[in-house]
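What follows is a group of structures, each given as structure tokens.
The two complexes that follow have chain A in common; it is paired with chain B in the first and with chain C in the second.
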Partner chain A sequence: MPIHDQSYRRYAGPRNEPGSAWLVIAAAGIRTLLGRKLFLAVMLAAWGQFFVRAVMFYLSANFPTLNVLAPSVETFRQFFDIQEIFVLFVTVYVGSGLIANDRRSNALQIYLSKPLSRVEYVAGKLGILAFFLLMVTLVPALALLLLEAMFSASLAFLLDNLFLVPAIALYALMEVSLASFTMLALSSLSTSARYTAMLYAGALFFTAAVFGILRGATASSMLAWLSLRANVEQIGDVIFRLPPRFESPWPASALVVLLLIGLSALVLERRVRGVEVVT
Partner chain B sequence: MSSPHEPPPSPSRPDGPSFLGSVARIYDLSFGQMLWSRRTVFMVLVVGGPVAVALILRLLVSMDLFDAGGEIDGRPVNIDGPVIFGLMIWGFYLSFSVPLLGVFYGTSLIADEVEDRTITYLFTRPVPRGAVLVGKYLAYLVCAGLLVLPSVVLVFFLVVPLLGGSVGAGFPDLLKDLALLAVGLAVYGALFALVGALFKRPLLTGLVFIFGWEPVVIVVPGYMKRFTVSYYLQGLVPHAMPEDGGVTSLVLRVLQANEILPSATVGLVGLAVIVIGGLALAVRLVERREYVLEQ
Partner chain C sequence: MTTPSPDVPPVARLDEVSVQYGDQAALRDVAATFPPGAVGLLGPNGAGKSTLLKALLGFVTPTAGRMQVLGLDVAASPMQIRARLGYMPESDGHVPGMNAVSFVAYCGQLAGLPRSDAMQRAHEVLYYVGLGEARYRNLETYSTGMKQRIKLAQALVHDPDLLFLDEPTNGMDPKGRDEMLALVRDLATRKGVNLILSSHLLPDVEATCAQVIVLYRGAVAAQGAIADLKTGRREVFELRVKGDAGAFIRGLEADGVECRGSGEEVMRVFVKPGQGPRDLFAAAVRHRVQVRHLRPSVPTLEDVFAEAVGEE
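Here is the complex of A and B:
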């Protein structure tokens, strides 16, 4: 067809099934972030613990005198505890600008003028954040479990603690869902990625500080449900079949997490719109 | 009549404002912008939280729902107003509010202008580039101080009289705390002004520093901790640092048996070096750097 012919012509390319457009957004976002050197450095640092633990597993499997380094259920629980800080960094780096930048440059209207529903847009953005968060939680934890079996040349640990596989998956999904939904909701509330990042970090550490003060003042951890981090930790202990670290009931923590995810979904439903009606 | 050998008088050129005059002008402009911005809402939330907690504690005590004694990890503890105030200074202000406000405002002194593409308007005015940074830094300091320090005073009067505490006895500590927090705001602000001038994505660097580097390095034996701000601040705090009483604390106590907290003089000198060095480097960077705005 001559290039100068600009008259109407039908789209002749392949047609994707409705509901799969979120994959385009997710894939584009993941590609963009993988091209940033600073982000790759953050991801590499997040995998640092995996490498240290892998060496420990190798030593414990091959040198009986170093049995103290042998893995246990607590090892995997601690792994997630230490990864929390990287979950924060990745959430802030990846998530703070996901919707805020689109709102800032008025790209949201352009997105939603395409054959793309609001749910698909949010799912695509969630997909970007969830992908990288799972890369620093679920993937290294499962890889460690696999490494343990390979280094010890035995499935004994895995079979004795078979619940670890669903426990790791469930905990990682809970942590990632909470971080992704809350960060995305905050991102939809502002046009500044920096402001969003500070709001998220502020909420996380402020609630932890409130709990810390009240714990010190009341000499009790019954108010652990006030802290976002403590809620995740409390549920994590239950998932890993360990004694809960706080005195507050774990269903209260589960309820807070569910409420936060629900509230975030509601905020996203209200804020992600193609047309903003100003009254 | 002038001699034919004298050089002709140079054409008169209006003198630009001095560095200090420029700083004052930028401060004037930025202070109003900072105080009446959406960010102040964030700041009010950060410093209003402790006041709300103090109010709740006071309410609980007045309703006899709060016990002065208790146990933490099996150890009996006796709590009174000044102890709770010390906890709040450590937990809310020194570990949370001051570093967070420093990161938020310090990194945005220049980054905000770049992001909003308004830095061109500032840099084309007849004021030194460094004065822009210093003026904005002073505006941050006054703005943050005006919000943080009254919050501490409110918390002091709400919490210290609880459970037999004495306001009079604790007043000298309040003055020390106020001075310490002002110093903390100045130091973190200067450090993150440098980070903001140096890095393209300063916020992540700032968060990594305050929530990743400082908490880890401060408990490592040796000289590493001297590369943190909190090490120098520790020597000036009139309250004991709270411990969680767990295994970690026990291990740390053994590891740090021979560690010496910096004296007040060392602390002050260290903090002064960070403020002056940070600001000087930031000014130098801003004056030499070419800012290319993204299209």
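Here is the complex of A and C:
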């Protein structure tokens, strides 16, 4: 008796046009991660600051004696500073294996044999990481702005600082883009998620350490552009219309960020292929 | 296995295609036509079979030549082609962390099927390839044979018009191999799926395909219907002799008879037109050897392959 039955039938149903497969990749990746309890715990912890700030906003709006807790532009800038650690956790947890695991299990040739371009594949993977990073940066920050208006029953703060909405969006997008592109590029260079995670964290800490040493030696922060983290912080201060925290020119930091994203895109273009050619 | 009519358009065509990996020429001016049905892509390891499939998929860009698949130009319409193709790669490949049904349904969605249809097809296809009972198991726990089947399932889930099967029986035990070949035969003959089966195993190609393209060192060594390639050739005999077989073989070859084998065991001898058993007996007498076994035989695909690549 043959091992197969005769149930195989030709398919005459609808088919989606090529171009939407990146959504399939992103949705599948998001669903998979939402099914992990450890990851949900990390996400919950990442929203801890949001809840604390929400209580502070409520108290300041309802108890005039606690006016010291009232929000300001600095409040939102600080919010992002504190969220940095969660951005690192989420980037490492979600991003390190996104391409490395596919490379380890030869999944790339399966993906790219479908009606799916390399750009779509990368977009799908970026979508997974960007979704969770925006969930710990952009979404809680905008929600806080909304809560402030609700608790104070006034749009005064929002109207006085209307630039906060694009500032929050711009800063979050810059931070998320840099983290997503660099992590995906590193992930495409390896077949080990663990190695990729160490490489990413190492690059962050190493560049910060180099900057710290040079800052101590020169008594100046002109070399802040050497640190990945310092670049984001420097640009962040400018976006939030606050005095920059380092002496280095912010366009230098912006240039470094753009170069890193460009370099990452170049690495992805070279590494995400259906066939690995060794010459 | 029937030979297609010459009027039917081919499912794939290569016109003078060359592929270069650095200094290494993987394909050299390959001109080949893949008719509908099951076509074997035969050749030893390193002949360029996988490269040819990857070029047709658009994974590698040729340095010269043009390719068409299902009437579409590979360079101009890769996405439209891949939507109608199924590819079973040679090496193991899966999306980590998924069970079989999720993986196959996911592949169906990537190929453009709506989610509910992809899931339904995944169940059907997994039953078809013999993994129905194991479809909720994580793929990392699968044996080599099961991994081969899951690769076939992901290639089939979106109901392709053309299947590329790259060494589909690799690593399978004899029973699994027979079952895989039965599936391939069923797809080609009863399900109307065109397929290109790349293999270095002659029996696999002979068991499943009506047509064959023989690749050797990146070039086409022979192509056509297997039946045609086997007929119209010289008469073949199985022959075993006792005595100085070496001298006997040298004598036969001087007379234009081709011998494959050592003479210690049964060898295959290809006589020229007009020659026959009498000439073999006469040669045996001349070289003072005893003929212990002489039987007419038929040309095999192995003979065609050996002749095409010039091997003994």
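By our rule, the second predicted complex is superposed on the first by the 268 of 279 C-alpha atoms of A that agree within 3 Å, B and C clash if a C-alpha of one lies under 4 Å from a C-alpha of the other, contacts with A are read in each partner's own complex, and residues count from 1 in each chain.
FYI, a contact is a pair of C-beta atoms (placed from the backbone, for glycine too) under 8 Å apart; a residue touches a chain by one contact, two chains touch by 3 or more.
Source: prediction; values computed, not measured.
Trainee: Of the two partner chains, chain B (first) and chain C (second), which one does A:116 touch, if any: first, second, both, or neither?
Mentor: second
Trainee: Taking the superposition as given, does A:65 touch the first partner, chain B, the second, chain C, both, or neither?
Mentor: Neither: A:65 stays clear of chain B and chain C.
Trainee: Which partner chains sit in contact with A:24 here, chain B, chain C, both or neither? Use first/second/both/neither.
Mentor: Second partner only, chain C.
Trainee: Once chain A of both complexes is superposed, is A:88 in touch with chain B (first), chain C (second), both, or neither?
Mentor: The first partner, chain B, only.
Trainee: If you count the residues of chain A that each partner touches, which comes out higher, chain B or chain C?
Mentor: Looking at chain B versus chain C, the one contacting more residues of chain A is C.
Trainee: Quick one: is A:213 in contact with chain B, with chain C, with both, or with neither? Answer first, second, both or neither.
Mentor: first
Trainee: What is the contact status of A:105 with respect to chain B (first) and chain C (second): first, second, both, or neither?
Mentor: second
Trainee: In the complex of these two chains, what residues of chain A are touching chain C?
Mentor: Listed in rising order, the residues are 2-11, 13-18, 21, 24-25, 28, 32, 97, 101-102, 104-107, 109-117, 273-275, 277-279.
Trainee: Using the touch definition up top, name the residues of chain B that touch chain A in the complex.
Mentor: 38-39, 42, 45-46, 49-50, 53, 57, 66-67, 69-72, 77, 79, 84, 87-88, 91-92, 95-96, 100, 103-104, 107-108, 111-112, 115, 201, 203-204, 207-208, 211-212, 242
Trainee: Quick one: which bits of chain A touch chain B in the complex? Just the residue numbers, please.
Mentor: Going through chain A, the ones touching chain B are 38, 42, 85, 88-89, 92-93, 192, 194-195, 197-199, 201-202, 205-206, 209-210, 212-220.
Trainee: Considering the complex alone, what residue numbers of chain C touch chain A?
Mentor: Contact set of chain C toward chain A: 21-24, 54, 57-60, 79-80, 82-83, 85-87, 89, 91-97, 106-107, 109-114, 117, 121, 124-125, 127-130, 154-156, 158-159, 179, 182-183, 186-187, 190-192.
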